[in-house]
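Here come two complexes built around chain A, the first alongside chain B, the second alongside chain C.
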Partner chain A sequence: MSPLAFALRGIVRQPGRAILGIAGIAATGALLFDMLMLSQGLVISMERLLAGVGFDIRVTATQASPMAGPAIPNATGAVAVLEKVPGVEHVVPIRVGQALVDIDNHSDQVTFMGANAAAHGPWTLVEGREVRPEDSANPPGVIVNRNLANRHGLAVGGNLTLRGDCIDNSSVPPTVFRVEGIADFPFDQSLQLTAVTTLRSFAHACGDVNADEADMLMLASSPGADPAVVVEAIRGVRPDLTAVTNEELVARFQQVEFSYFRQISFVLATITMFFGLLLITVLLSVSTNQRLGEIAALRALGFSRARMVSDVLWRSTLLVGTGGLIALPLGVVLATWLDRLLQTMPGIPANLRFFVFAPRTLVVYVALLTVTTAVAAIYPMQTVARLPISSTLRSEVIG
Partner chain B sequence: MTGPIVEARGISRVFPMPAGPVTAVHDVSIRIDHAEYLAIWGPSGCGKSTLLHMLGCVDTPSSGSLLFENRDVSALPDAERSDMRLKKIGFVFQRFFLLPMLSAWENVELPQAEAGVGREARRRRTAELLEYVGLSHRTHHRPSQLSGGEMQRVAVARALANNPVLLLADEPTGELDRATGEQIAELFDRVQRDGTAVVIVTHDQAIASRARRTLVMRDGRVEREAVAT
Partner chain C sequence: MHARRSRFLILSALIALATIIATRWWTPAILHGQQNEQLPAILVTRQLAAVEGLRIGDVVTLAARPDGSSAKQFRIAGIYEPVADPTRLAAKRFEARLHLPDMLELKADAADPQSTESVSAINVTLTDPQDATSFVREAAAAIPIPQLTVRTAQGGDGSARLFVVLDRFHFAIAVVTVVASTMFLLALMVMLVEERRESVGILRLIGLRKGRILLQVFAEGLLIAVAGAAFGIVFAVTMQGVVNVFFQWRYDTSLIFVRITPHVAMRCILLAVPLGVVASLISSWTLLRSNVLDLARR
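Up next is the complex of A and B:
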């Protein structure tokens, strides 16, 4: 009988205890797996979101996060300069404000954007067509997100009246737009209403016709061009602006905005592991102490010390391994539920995931469980290794 | 192999205790030859089991020398002593110590697997041993499904699994009624007749009297030695 089979028979001998141990490890393992997914989930998800937009460089006026700092003045000039930088395929200047849409007796707030996207903007068109900067139709065109279309029953070709709410204490007459397209905006929150038009129409609707500003310039580098090299070139021609690649942006998020979640996941993962470790140590210790006579007898029969110690390790492996396997689907279910819960938090893009599986997560998970298996078995293994055969056999008979 | 299986010269075993060291076995010399039948008899606490454990290489003497097949047991590392016990010595315990999750067959097969005996050889030997102890009809029963006598028979079969030269039994009838104890004692007689040296520790004079040679122990010393004629 192999050591594994022997350990398995030993565990099955007390099914109630084995089930409890496995269930405990499954629960703690699921939490551990989720915390590992959380530790990198936001970063991976953000990387995917940024990559999915189709723009790999962002230019702002300062080092503040995009949309959080002052606008870029003379945006037209900046776009003209940047379009000539080698490796830049196209530049989309973007302005972001607020607008109100009236329906019945109440108003809904809309995230209102202006963007001059010659080819495509940082959104995914699902219906209709793009709004071009050269469009001079009246009413001007607008692209809305699905939330806005659904909430106000809008379809391509329909009209949408927006009241610009971009400047404090301003009073701007409503502007009627023609819905040209419906699109998914990657950074929209779950209930967010979004509309985007050209910069000119945005300025008109917001009442600042003369302003030539952009909150952010989004750049797509040419195929084959290294965004980091392009950014260096941009810094050369416009040192007054701040250009970052997606990678740099993610790194910044990782260091600042997401560090909170990383710390939480680290603390919870450590606590979870500790509880799992305690659970298995207690189970193995109790089981070992109940079998001391049996172990001493096997040693007397010639089973080596290493063999008996390895039996404890195999038992630990079986308990943690089985629990750890069951924990995976449990963890996925739990992560899905938690993700849904967290996505409803204000300010969180609906497409951002907190719990993201990556192969590295599984590797770290297996490594941590392996450590748990070994560390949890140390004390009972020591008990077995140091067991005095003769006196144990005597005490078993007397006791 | 010629010469004695075990030769103990002036062995003692002292246990350190909080109230001071306790000498469990004092200056015992003993020789066990092949196919010998020896009983160690004496009252509880006289050091019989401690002596048996030393003879079986489970424990080492605090002083004196103990040779097993001419090898100094005290000088052997733990792994070698384990290997010696596995292949040369069989143990039968008062409380059987069969593994409850294994069947009678598996309990007998286990030491053979540990010794690296091949599957087919194991199968043959296990069947032969269970037949030998009269339990070929109970092979797939677990210890909880066996009577005390049957459990001790399985324990004897397990002790003989690797063809030991020496079978040690510590109060093997201690948990059994007299009639069942007699049957087990007969089994030991048979084992000895078939060529394996048997050493039985007992406080039952009737069981001890079956051996050709009896060591009578008191207070850790061999008080006298009786040889049946």
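Up next is the complex of A and C:
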């Protein structure tokens, strides 16, 4: 009989304790798997979100996070300069403010944006058409997100009245817009209402005299162009502006914004590992101690020391391996639940995920479980290896 | 006498020279210091001072616009530790506090006549903080400005919701940990009880009733559970300092991340002790249902 089959029979012989042990390992493993997913989840999710937008460079006035700092003055001039930078395909200046929309006798706040997108903007159009900067239709066009369309019962071609709420101490008359399209905005929160129009219409609706400003310029580099090289070129022509690639933005988020979840996942993963290791060691040790007579008898019958030591290692492998395998689907279910829970945090885009599976996660998970299996088996293996056969048989049989 | 007089003259000349030099050097410095004293005073955060190498008395230039126009000079009158804000945990606290008139002057916008007349918020200190809710209600009703929001300084809805969600997240993690621990605990108790199979058989053979043995198991389980819970709390109290020091260093903040309150300790005891006792009773019960001779292996 192979050592694996022998160890399997030994475990099956005591199903109660085996099931409890495996269940405990599965629960611990699921938590470990989730913490590994959490450690990189936000970064991977943010990378995917940024990549999905179709723009790979962001330009702002200062080093503050996009939308958190001051606006870029003379945006038209900045766009004209940046469009001539080699490797830049197109530039979309964006302004972000607030507006109020009246729904069911009460006002709701809308994230109101102005963007001059010649080709396409940083959103995904699901219905209708884009709003072009050269459009001079009256009423001006607007694109709304699905939340706003659903809550206001809006369809393409319908009218939407917004009251600009962009500047302190100002009160501007409401502006009527024609809904030209319905779009998904990648960074929208789950209940966020969003509307985007041209910069000119935005300035008009906000009663803004400083119309030639942009909170951010979004740049799409040409196919084949390296965004890092394009950013260097931008820094050369406009050193007063701050340009960052998606990679740099993610790195910045990773260092600052997401660090809490990275730290907490590291701490919890370490505790889970230690906890799991301790308990598996105790389970194996107690189990081995209970089998000392049996092991001594098998040694006396001719089983080699290496064979009995490998039996302990196989038992550890079977327990941790089975528990670890069960932990994977369990971890996915748990991650889905925890992700939904964290999604309710204010300010989190609806498409951002905290727990994201990546092949690297599985590799690290398997590596950690392998280490746990080996380390947990060290002490019981030592016990078996040093077991004196005759005295053990004597004490176990005679007492 | 002559030599003494010469020494006196030389000493006087040296003192006079030193006075002239000192006056020449110090006068501009004193004047400069006096000029600095004229500048409006500001406070800067410890973090900003550390990064920029600022000290009390230094003169800094601040501008409200990114192009640096309309910049003004200020004198650093003090360095302060910003109030710890969990919602801005990861943010670098590069902040300065200005007197309100200086701030309004710095941010003045020629196109907006109201820019020097408006403030973002008005903080009110009540004689009795317990009156906050009623004050909010009365002030909101009495001040007829539609855009004015009156609320208590207990954090906005956003920050409150953030911590409710984080609390739920940590609770969910705790539930999973408790489930895993319970499984292991049961497995361990089953093995421990199995180890005492013969002892229980002999106790049954000499006449002890099941109830009596179960009572003994209950007492043992209770002792182990209480000792385990106590050790866990002592360990957590010890570790909270380590965790706080690490995260305070990591985020350069005075926030407290972990605090083992009597309420938390009590919750742990109320969860751990019954769990330990129940685990020992369940694992023993299966043993007690077995045949006495089987237990004694006879």
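In this text, the second predicted complex is superposed on the first by the 396 of 399 C-alpha atoms of A that agree within 3 Å, B and C clash if a C-alpha of one lies under 4 Å from a C-alpha of the other, contacts with A are read in each partner's own complex, and residues count from 1 in each chain.
Throughout what follows, a contact is a pair of C-beta atoms (placed from the backbone, for glycine too) under 8 Å apart; a residue touches a chain by one contact, two chains touch by 3 or more.
Keep in mind the model is a prediction, meaning the values are calculated, not measured.
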| item | value |
| --- | --- |
| First, second, both or neither for A:Gly52, with chain B first and chain C second | neither |
| Chain B versus chain C as contact partner of A:Pro86, first or second or both or neither | neither |
| Chain B versus chain C as contact partner of A:Leu393, first or second or both or neither | first |
| First (chain B), second (chain C), both or neither touched by A:Arg307 | first |
| First, second, both or neither for A:Arg9, with chain B first and chain C second | first |
| First (chain B), second (chain C), both or neither touched by A:Gln263 | second |
| Which superposed partner A:Leu338 touches (first chain B, second chain C, both, neither) | second |
| Superposition-derived comparison: chain B or chain C, residues of chain A touched | C |
| Chain C-contacting residues of chain A that also contact chain B | none |
| Residues of chain C that touch chain A when the two form their complex | 65-67, 89-92, 111-112, 114-115, 118, 157-158, 161-162, 165-166, 168-169, 172-173, 176-177, 179-184, 186-188, 190-192, 194-195, 243, 247, 250-251, 286 |
| Complex contacts: residues of chain A adjacent to chain C | 16-17, 20-21, 23-24, 27-28, 30-31, 61-62, 69-70, 72-73, 167-170, 209-210, 240, 256-260, 263, 267-268, 272, 275-276, 279, 282-283, 286-287, 290, 334, 337-338, 341-342, 344-347 |
| In the complex, chain B residues that touch chain A | 15, 49-50, 53, 56, 58-59, 78-79, 82-87, 89-91, 93-95, 97, 99-102, 106, 109-111, 113-115, 158-159, 162, 170-171, 174 |
| Residues of chain A defined as touching chain B within the complex | 1, 6, 9-10, 12-13, 293-294, 297-307, 389-391, 393-394, 396-397 |
